[in-house]
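Listed below are the structures to be examined.
In the two complexes that follow, chain A is the common piece, with chain B as its partner first and chain C second.
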Partner chain A sequence: MSLTEVNHWGIVKKQYKFKLKAYAGVFTSMMVVQVIALLLSLGGTGGSSGSSSSGFSLTTNSYSGSMVIAFTMVWAFITAILITTKAYRDDDFTFVTNRLTSNLSNMLFLTIASIIAGTTSLLTGYLLKVIVYLFFDVDLLISSSQTFSTLLIGLVATIMYILLFAALGYLVGVLAQLSKMLIIILVALFIGYPIYASTGTGIRDEPTLFITIGQFYQGESTLLLLVIKIILTVIVLFFTSLIITNRLEVKQ
Partner chain B sequence: MNVIECNQLSKAYGKFDALNLLSFRIEENKITGLIGRNGAGKTTLLKIIAGYLKKSSGELRVFSEDPFNNLKLSANTIFVDDDMNFPPALTIRQLLQAAGTFYQNWDMDLALRLFDYFEFNPNQKHDNLSKGKRSTFNMIVGLAARCPITIFDEPTTGMDAAVRKDFYRALLKDYLAHPRTIILSSHLLNEMVEILEDILLIKNGEKYFQMSIADVKEFAIGISGQKQIVNEWITGKEILYKKSYTLGNTYVVVRNDLSEAELESAKRKGLEISPVAADDLCIYLTGDTKGGIDDVFDRG
Partner chain C sequence: MTLIMQLLPLIIMIGLIVVIVVIVKKNDLFRINQMSGNKIKWVLSIYGIILLASIVVFFSLPDDEITSISQVDSEKIERSNQELYNRAHLGTLEQSKQITVKEKWQFDVKEQFLQVTSNGEENQDIIIFVERKESNDGEIDVVKYATESLVNHGGYQVELNNNKLIVQQPDKMDYHFAIFTNEFSITQFTGEKRLHFPTSAIEAELLYIRIPKDLELTGEVQFVEL
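This part shows the complex of A and B:
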């Protein structure tokens, strides 16, 4: 029997298509997460205020898709961790793969999933406004100015943030695969450190490190710069994951 | 041509040596049986060949390449065991289609015919299959993939006797139509002895022997008779196994390098000579104690 020749990119594409079908549950959970976020947002997201003086009262509520986007970011983070776990990793090895193509197809999948999740979460924000408009008894509805270009900017930025969380989750998942000890260290770092840092006084009154990191991505007002920052970070995160998993054994 | 060449291969899990300086060759288009007791290192060896595990030292060449992390060999190798992972979201019919997109020689027609024969419900999920059905499904994937290297690790786990028979028959028929290199591992040698050409016997991670099935059948003979006469006769011969019965009878398996005269003398002394079946021989050869399980209970 003669040997079959293979090319890497061809296999990556096949695996990616396979994963779109095999990981369909991921998108179901995304929808559930977004519906829950939407329902929670119906009570108004942030900045509701009321005041009354003689004879009349005034209540303002603001509605935005920010909670949906935040929930979707968490979903992306967890989904990325999920697909690095043993059950998902071993699936690849039932069929044709090596570690490089397995990782590349995962990354391609996460990127496409981020684009889908970013689009739906942004649109869910509009759905929220439509629901408020149709079903809520509102005297005056003031919408922030919307143009096609702001929609586009919002879309790209949302996708970028979700992709950033997915890439971070992927690295976290890969580290957890490497050693269970690393899970404890990661938890201590990401949950313990902020608690520790914010319980002190004086210089130790807030997690400055995280705030600085957060501002690096959040405080960017130019879309192009934001995209460059995030894409470079994502490449670094994915590349690190790739290097770590490339020698990992499977099916032990 | 040698498809698999293995020199001084070792694999350690921590301080435990699963494989120890193993050297062997497997020729192209042969069916080789990998035989050994539980924990002999069969699965470890097969997983290294399949590229799942990394060797610790030594050399292993599959089609002249290192199998670990090798995409080309992954496309040309299939590893089937009872623990194969399939995504739970897909039905078993969809899994066959997925396998078809990955393996170039995939024979969908054969897969579906076997599917029908073993009465699978195409809409079932792999996770919900019974143990025997799961093994049968994995076997169908392994056969239909038509990979130049096909590895079955304990493929018949959970299958009933009829399905086991069908499996070996299907394997043989498909092998004759599409010859390829097949490695079968099992501890149930007797049921697959008819389709094997070569046997590779390993014990405690080391090679015990590798020979053709015909040679294995001739490798040893069994002698039985009165204890005293047997003991007298076997002095100076290589004893592979010895078992005492009540009433002073003893059964001994010795290596078959005896001359005609020696066999004659045994017959004249009233000893019975019998051939040793291949699977019995493998058990005797890999046994750790000469007495076997009876020794554990005979302490008094």
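This part shows the complex of A and C:
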């Protein structure tokens, strides 16, 4: 029992502010990941070359920030797992806290981190294109239509994808808290299933389940619907994490 | 003025790099392991500034240096290239609007023998079509036809040297294109497909030669039967 009444939201806010400062290293790692992806993308993501019978040869290289976004998605996944680990978790007990506020502040942090990561990863793609423009010697620069509106669409969609992976990572991290066995099962599932499916013993020669899940998001051609799909998924993932952790003992 | 405009993106980037290096040196930011929250903030803000600057630079890149080509345009190039060859086989190049005469040569031949060669590598097919005239006027007409190409190059040149018609390849044969595409999180909504460029995008031209009726001709050419 405490003499001072505290409200949940105030604590969540306090913890979130603390996390934004204390986990600043998370953003340094994000920057490093994005710079590495940028350097790898300089080789051109997808290209072709051909020569004609009359001796002309043409090499084309495509440049886009897709790899940077993909790398950042992996970063978000790992970061989310990381902040559920013991070292980070115990930080919260320096505050007046319970599972709920600790979780909520983590989720708030992950959401803000996803917004930052989504924005920077999409913009890194433009940095890549500027570098190619300035320093690459090419005969012709061709650009698919890139306007301010495609930029805005890209921002929203990229942030959503990264948030999705962060939420997924958070759930995985929480499951890992429950039992180390679950980690092994999850790893087996995520690595074993595609291998099993590709051996031909499955129904088809490809991991159809993963493709179906991927298509659910990637096949969506309306931005609003994608946002709704992802937000609903994220709510389900976060809510599941909340329910699981509420069953845990304090400082387990 | 235009020179300054062209160099502007470069100047901005160099300026930014100088500013960053100065700040990093002043604050000794290279020792990342000892980086305090304040320094992280610095590094991240610089990163943010570079990204914002790059987007400003990207959207202010001069339009005339970046070609905007859709899949439709790319297919159109392929189609008019096909048309070039089809019409050459039929001898109806003059009737097309997409095909233009790029260059013309006329040579007098004294003997009854002509060899067509090229200065390029062996076993290379230069696309040459030959049509026999109805009379023996002692003249060879060479016409270079072309469709719209994505890059401007001089193309093949022709010269006559002692019964030898020599086709000279352009100096530059290798071309490199860079394509800026949107990220997957954008193409998902815009529905754009990956741009594909056929080699014909750079070499859409052929030589069409009219020779006197009884001239004997050797070399890798295709005769047009009218």
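Observations on the model:
To be clear about the criterion, the second predicted complex is superposed on the first by the 239 of 252 C-alpha atoms of A that agree within 3 Å, B and C clash if a C-alpha of one lies under 4 Å from a C-alpha of the other, contacts with A are read in each partner's own complex, and residues count from 1 in each chain.
Basically, a contact is a pair of C-beta atoms (placed from the backbone, for glycine too) under 8 Å apart; a residue touches a chain by one contact, two chains touch by 3 or more.
Because the structure is predicted, anything quoted here is derived from the model rather than measured.
Of the two partner chains, chain C is the only one touched by A:Thr150; chain B is not.
Applying the stated contact rule after C-alpha superposition, one finds that A:Asn246 touches chain B and leaves chain C untouched.
Of the two partner chains placed around the shared chain by superposition, neither chain B nor chain C is touched by A:Ser29.
Using the contact criterion defined above for the overlaid structures, shared-chain residue A:His8 touches chain B, although it does not reach chain C. In the superposed model, A:Phe18 makes contact with chain B only, not with chain C.
When the shared chain is aligned, no partner comes close enough to touch A:Gln215: not chain B, not chain C. Among chain B and chain C, the chain that touches a larger number of residues in chain A is C. In the superposition on chain A, A:Val130 contacts chain C only, with no contact to chain B.
21, 24-25 are the residues of chain A that lie in the contact sets of both chain B and chain C, per the superposition on chain A. The touching residues of chain B, when paired with chain A in their complex, are 29, 47, 51-54, 63, 69-72, 74-76, 83-87, 89-90, 94, 98-99, 101-105, 146-148, 178-180. Only residues 1-6, 8, 11, 14, 17-18, 21-25, 87-88, 90-91, 93-101, 246-247, 249-252 of chain A touch chain B when the two sit together in their complex. For chain C in complex with chain A, the residues that touch the partner chain are 9-10, 13, 32, 35, 37, 40-41, 43-44, 47-48, 50-52, 54-55, 57-59, 61, 65-70, 120-121, 124-127, 150-151, 169, 173-186, 188-192, 194-203.
Against chain C, in their complex, chain A makes its touches with residues 21, 24-25, 27-28, 31, 44, 46, 48, 50-66, 69, 120, 122-127, 129-130, 132-134, 136-146, 148, 150-151, 153-154, 157-158, 161, 218, 220-223, 226.
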